[in-house]
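Below are structures written as structure tokens.
Two complexes are shown next, each including subunit A; its partner changes from subunit B in the first to subunit C in the second.
Up next, the complex of A and B:
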């Protein structure tokens, strides 16, 4: 069977193949016209999402991204043989080309905003119902405002955004932003400034990463 | 013994699932209460009673979690592509 890492373009992939794939396997490329897929052969491989394997998968994709545009595949994408991969590239050619153009020259930045005092006890023995509820309302409003602020500031610096989670007890916001590589520095700077202005929250920014969240067709 | 361990796993897994659903409902009710307060039109008495009900719910959840030795993290089931439950 074959393990597939990403889809890219023929010119890009040829130079990125020096990396080793999972389990030390040789990286190969399958080309169909103006598309190319990067994969490796394995006799049997059921990648449990072990940290090491996931990081390796990510390293391969980053190596390809260093040489050009890449559509990262999710960890664990396997097919039976090259023919299926070739068919896939042919069948979804137009959609894949559109996706490549969408992420060309851009990287993904992840933003996670969490409540600063998630584990603080919200009530004591003598807390009145009214105080408890109004405190929850205030907290909710602060978090809503934080989400709006993040979207306003960071959305303006991005080509696209994707919200994964919002408004739960554990997280205020988990979102991914597609940012032109020339604006990554400014994005991180603005995010840092913003983090200081959102009361009662903490912000974690990751990236630049390969565009995992924007590789698939947007609806 | 293998059978005993399996029974314990099943019981714990079941507790995890049930408590997760209860926590989900609690959060939904909390959100609904917040919406009602923000929409206005609630008397002071109603706000007090709503708040008390939510507090009691939260307290009960904490007790249940402690009884079963589960943390909030344990209840946040990862549904893969659907994201986390809570």
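Up next, the complex of A and C:
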């Protein structure tokens, strides 16, 4: 069977393919017109901790990204043989070309804002339940407005963005941003500055990453 | 599993979650067989939850079948 990592263009250079695939397998490319898929041959997937396999998958994609535009595949794509892969590239050609253009020259940045500390337990003897709840709602709304503002500013620095989660006690904001590679530094600086608008939280910016969240056709 | 308060994961651990979350739940889906042990996947989800309390696509009742089309319960040895 073959394991597929990513879709790119035939200009993917030799240097990207020098990296080893899962289980030390050799990386290969399959070209169909102006598309190329990067894959490796396996009799079976070597057993290994799932986390290690997934991180290896990601490392391969990052190596390709260093040399050109790449559409990351979700982890776990196994096909019987190259012919199937070629057929899939042909069948989805136009959509895949559009996706490549969407992410060309851009990287993904993940922003995760979480509470800085474990939430404090409610004090015993809190009276006036209704007032307490109203206060919490008002505070939550102010807080949520600040979060929305942060997302709006970061979104304005991006070509595309998507909020995966917001408004819960545990995850203040979980969002993905597609940012032109020339603006990644500026994005990080702005994000750091904006983190100050959300007291009591920690902001972790991850990336630049391959554009997993923007690789599929946007609906 | 070591004791750890929710929300006190290191930045590095959170970034790891961000990568795993994406590689497992985002990216282009080509038709194919995903052969991963369900038990392995559950363990990954569990450890991710412990680290950051909730993990985007990995909570809210989404099951493995939704996240990985074609996932079977057989580990390809």
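The rule we apply is simple: the second predicted complex is superposed on the first by the 198 of 219 C-alpha atoms of A that agree within 3 Å, B and C clash if a C-alpha of one lies under 4 Å from a C-alpha of the other, contacts with A are read in each partner's own complex, and residues count from 1 in each chain.
By our rule, contacts are C-beta pairs under 8 Å (C-beta built on N, C-alpha and C of every residue); 3 or more make two chains touch, one makes a residue touch a chain.
Bear in mind that the values here come from a model prediction, so they are computed numbers and not experimental data.
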| request: Would you mind checking which one, subunit B or subunit C, touches more residues on subunit A? | output: C
| said: Going by the contact rule set out at the top, does A:132 touch subunit B (first), subunit C (second), both, or neither? | reply: first
| request: Classify the contacts of A:165 with the two partner chains as first (subunit B alone), second (subunit C alone), both, or neither. | output: both
| query | With the two structures laid over each other on chain A, which partner does A:204 touch: subunit B (first), subunit C (second), both, or neither? | reply | second
| Looking at the overlay, what does A:140 touch: subunit B (first), subunit C (second), both, or neither? | first
| task | For A:152, select first, second, both or neither according to whether it touches subunit B, subunit C, the two together, or no partner. | result | neither
| request: Return first, second, both or neither, reflecting whether A:50 touches subunit B, subunit C, both chains, or no partner chain. | output: second
| said: Based on the A-chain superposition described above, do subunit B and subunit C contact any of the same residues on subunit A, and if so which? | reply: 164-165, 168, 170
| For subunit B, which residues are in contact with subunit A within the complex? | 27, 30-31, 33-34, 37-38, 44, 47-55, 58-59, 72, 76, 83-84, 86
| List of subunit C residues in touch with subunit A within their complex | 5-8, 11, 14-20, 22-37, 40-41, 43-44, 52-54, 56-57, 68, 71, 75-77
| Within the complex, which stretch of subunit A touches subunit C? | 4, 7, 44-45, 47, 49-51, 54-55, 57-58, 71-79, 84-85, 88, 96, 99, 108, 110, 112, 114-118, 164-165, 168, 170-171, 174, 176, 202, 204, 206, 209, 212-213, 215-216
| note | Listed in rising order, subunit A residues that touch subunit B in their complex are 122-123, 127-134, 136-137, 140-141, 164-165, 167-170
